[in-house]
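Next come two complexes, and both contain subunit A; in the first it sits with subunit B, in the second with subunit C.
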Partner chain A sequence: MNNYSTFGTALHRLAILCYVVFALFPLFWLLKVSVTPNDLLYSEGVRMWPSRMSFEHFRFVLAHSAFPVFFRNSLIVAGATAVIVTLLASLSGYALSRFTFRGKYWLVALMLLTQMFPLVMLVAPIFKMLSPLGLTNSLTGLVVVYTAFNIPFATFLMQSFFDGIPKELEEAAKIDGATQFMAFRQIVLPLTLPGIAATLGFVFTAAWSELLFALMLISGNSAATFPVGLLTFVSKFSVDFGQMMAAGVLALIPACLFFLFIQRYLVQGLTAGAVKG
Partner chain B sequence: MASIDIRNVRKNFGIVSVLHGVDLSIENGEFVVLVGPSGCGKSTLLRMIAGLEEVTEGEIRIDGMRVNERAPKDRDIAMVFQSYALYPHMNVAENMSYGLRIRKAAREKITAAVSNAARKLELQPLLARRPKALSGGQRQRVAMGRAIVRQPKAFLFDEPLSNLDARLREQMRAEIKKLHRDLGATSIYVTHDQIEAMTLADRIVAMHEGVVQQVGSPLELYDRPANLFVAGFIGSPAMNFLSARYEVGAGTAGARLPDGTLIGLSSGYQLEEGAPVTLGIRPEHVEMSPGSESSLRATVDLIEPTGFGIILHLGLHGLPFNVFTLDRAALTAGPTVTVAFPPQHLHLFDETGMRALETSL
Partner chain C sequence: MVFDATAGFPETRRRSLVDRITRQAEPYLYTAPALILIVTIMLAPLVLGLSYAFRDVHLLNPFSGGYVGLDHFRTLYDDDNFYRALRNTLWWTGASVLLQFVFGLILALLLDRPFAGRAIAQALVFLPWAVPTFLTGLNWAWLFNPVIGPLPHWLYALGLMNEPANILSNPQLAMWGPIIANVWWGIPFFAITLLAALQAIPRDLYEAAAIDGAGAFRRFTSITLPFLAPTIAITVLLRTVWISNFADLIIVMTSGGPADRTQIVASYIFTQAFRALDFGYASAIALVLLVLLLAYSMLIVMLRQVLMDRA
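Then we have the complex of A and B:
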């Protein structure tokens, strides 16, 4: 290894390090504020870590706020949305990847079109549509809306994963005696697990952190999701940063767990060895 | 075991016509090889037999039964793909048994069939491995194994060896031949490789631009190519072609080259006197002995020793002309050589490119 490449590697690593620090710093700050006792929050100035740690905010959030309800609501909404969207997107993505059918071009164009509108524009019409159906102020309503908004992108995502699976595998399965659906279920689907994991993760996080519709369609605490709930810390207690951050840290847990669970599929190159090359 | 009948089969992809009426009858147990340049429709034809492509027009029959509308799974054929198409999430044994498992065969029968195939293909030590942990040759064998465990009516091969290196290809070629001898199953085999075609085939089907050019035994195609395309396609290095005019005299016939040389022919042809013809001769049939009256002088452009023999790239009246010889003296050939064409090895094609019909003189 010559000097230049050593230098290049060092530079490369340094750049990555800078990026990681930059990306993770807000999370660190979140954690830091959440364990800083209220009396030290403003009195100690800017420090990297408080001189005394306390979990009082966590205790309060869990025991005396509506946070557990928000948390449960978010879990239901994000989980249901992720599962439904991924299921539908796998089917539609597969169809887009493998079949030619009339109107395919326009269908894709239409799906792209839906992605171009700022969501704010749609709040009023959606509210108007959902309210006679009794779907405002309900978790089901949120799931319906999130599903509708996430399906186009998730479909394209799944389509690209299906595109990556050689068509010949299915053809081989069909010749081996499988029906189209069996080939899909037994050959294609297991190989798309990384894609399914990615889609699940993407939709889950999107639904988990969605604020606009949750705010507009839900009033009152019983059906509020966690991002809406976070705002209650702003109004009720002036801004209680300590509790808000503690709630934020807790809200990170499911997302972290989720990605921990799916990362095995995300990194795995399952198709390796399918075809030569 | 089955016979396969292909009757006036056409294939269009949208407005593009790929096969223009293919007729072919394949007998029970026959090994038929499809050859032809890239894009001539070999794979398309094979995939239509497998049921992976719809038949635009015409009929495909397996064992006398029309199968146009049957799904691949109901045709009971096996196919070996160029890319092998092994299921990456299954190990070798699972790959091979997949077809039997989804057909709900009895467990003992599956085990027996898999171990039988594994023994034939020397795959026993690899049964528990995933495809990605196999070499190219091993993957190829698994693909073969997957085809044979089911004992299908017919085997379809789409360039199964083209991803292997030369030595392995030779070895697998011999194994495929042995396998066919043992199983006697009807097989259709697509290849680019001349030697594979010649060595494996009971009959070769030469295709060009969606039309079957000639069907016959390997030696028929080599000895009596039906037209210019087959003549140029079969054989390596490829046949040399010279334009000439047909001349017939009392008891003799010949082809007059543009420079005036008369090349003697061994028989007469059903051609008009003076008809423009194409004279063909294979590089291995050209003689390099001087002295015969119809011999020609050619310039030496390049000498390629292949070890076994020598390929001489010559210029004959400025046109490229190849000679293959086993005589090592050719290695030191001077700037010009003399070539002669033995009449019994000459091929004559008429203006339309078809083999000219012989007559007695």
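Then we have the complex of A and C:
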């Protein structure tokens, strides 16, 4: 029996190790190639770590390419989207959590519907709608589109955080003469700060990763976000692997930071919209 | 006193009326910005897109836009690429969901057991979920590339390949590239949701079953699975819809090639809109996809009804 359980434990640890290796290996390879000098890239073949490290690719990408611009554009778009969505979703999430009102059922149904239908079918009509408004090839246009796409999911997420806060707190405040909005702003919101942070993180990550609408709406370098810039770079200079991977590592940094940030709320986040990627 | 009472009465009454109106309007004020955005940026383009399906809309042709009736659907009916994309969608969705679910469930079961360093292991295995999808696609495309990646060389060394070649350029195997990338990226999603469901199972059930002499396998089939069943059903069904619409990885890794062998319906729509700039045809395909997904959702709802009636 004892033998069996030590064997089982060993098997368990081994399985975990396999998962960790599988999860990290692609990222490790990305990092490895990004620090491999060009002259060793092809000569050393499949080797786990180059015999000599160099940051030349990073230096090149940061100093002589448009990636800093892409990075800045993506930061602006993802940051603005995250802030606006969180603001609006905390209002609508609060309404869903605390009020019963006519049409609530339909509002929830509409929001669930937006999580189900293929967003890719909006690519063409949204382009047609935004282009006379001058919102194609503009960061503002992207922020507007991403805000709308993320609001339903963020609303459900914020609702789940508000549901966890007892109603009695607001009722006590209202007895003391506060309006519902005052109670919301001064009592409920401060208590939901961790939830607000998580929502910011989720929306930021989603906006940072979005590719298809950015490809369709943006042409040219000046307003390109990171995914658009990286894909254009890949199709143009498909032999500069070191530089491409150095750029990839840069794109990974904010995503990893926000992941650490929202780790504790993964379960709530993934079940909120039920379908968010 | 009397004066006070008569003066105060209409005042409080008026305030209470205003109060009532504000209270009535309050939830609508809170939800209005979200609702307006959803209607203008999602619902309106959806309706506009549906109208494109019956019109000739080319981005570069200023004279386009006329009504063409069912022409796009007639073209679609004879479009072999579309049927191939449909078959590929089934293949892509089925393989991705099945593998993500199986490996996600195993991971959740492994993580459900306490061990030293669990928090760190959990953070590391969930990390792929945070990697942006465009980077996931590129990263795996590089791993499959014999010039820069190790995978072809390993497959060759194992005798699975005649020469270190890129599977993404092999029409027979290309679909495995995006599927593997998708599995890598999607395992955490299933693991996270299933782990949450696992941890909600009361522990004393297991103890009681163990006392009654139930073995590990019996405990799994009689306690764990029945408890997980609702979560499994919901996540698998919803994920199926989501993944069948998920074109990012394919567009990044193969753009539907080689010879359209990895083209799914969603990427076909995007390619028609983005490369061919044929918005009308793209919208017609999108309409068909929407109808198929609606049919699938109806099927789920009916299935649920049947299961609930039986229970």
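Methods note: the second predicted complex is superposed on the first by the 230 of 277 C-alpha atoms of A that agree within 3 Å, B and C clash if a C-alpha of one lies under 4 Å from a C-alpha of the other, contacts with A are read in each partner's own complex, and residues count from 1 in each chain.
One rule holds in what follows: contacts are C-beta pairs under 8 Å (C-beta built on N, C-alpha and C of every residue); 3 or more make two chains touch, one makes a residue touch a chain.
Worth saying up front: this structure is predicted, and the values here are computed from it rather than measured.
With both structures placed on the common chain, the touch criterion links A:Ser209 to subunit C but leaves subunit B unconnected.
In the superposition on chain A, A:Glu168 makes contact with subunit B only, while subunit C stays out of contact range. Once the two complexes are overlaid on the shared chain, A:Val234 sits against subunit C while remaining clear of subunit B.
Taking subunit B and subunit C in turn and counting the residues of subunit A each one touches, the greater count comes from C. In the overlay built on the shared chain, the residue A:Ile187 is in contact with subunit B alone; subunit C does not reach it. By the touch criterion stated above, A:Phe99 is placed in contact with subunit C alone, subunit B being left untouched.
Look at A:Ala197: by the touch rule set out above, it reaches neither subunit B nor subunit C. In the superposition on chain A, A:Gly177 makes contact with subunit B only, not with subunit C.
Once the two complexes are overlaid on chain A, the subunit A residues touched by subunit B in the first and by subunit C in the second are 270-271, 274-275, 277. Interface residues of subunit C facing subunit A in the complex, by the touch rule stated above, are 23, 26-28, 30-31, 33-35, 37-38, 40-46, 48-49, 52, 57, 59, 106-107, 110-111, 113, 115, 121, 123-136, 138-140, 142-143, 147-150, 153-154, 184, 187, 189, 192-193, 195-196, 234, 238-239, 241-242, 245-248, 251-252, 266, 269-270, 273-274, 279, 282-283, 286-287, 289-290, 293, 297. Remark: subunit A residues 12-13, 15-16, 19-20, 22-24, 26-27, 29-30, 33, 41-42, 45-46, 88-89, 91-92, 94-96, 99, 101, 104, 107, 110-111, 114, 116-129, 144-145, 147-149, 151-152, 155, 180-181, 205, 208-209, 211-212, 215-216, 227, 230-231, 234, 241, 244-245, 248, 251-252, 255-256, 258-260, 263, 266-267, 270-271, 274-275, 277 touch subunit C in the complex. Subunit B contributes residues 47, 50-52, 71-73, 77-79, 81, 83-89, 98-99, 102-103, 130-134, 136, 139, 146, 150, 163 to its touches with subunit A in the complex. Put simply, subunit A touches subunit B in their complex at residues 166, 168-169, 171-179, 182, 186-187, 190-191, 270-277.
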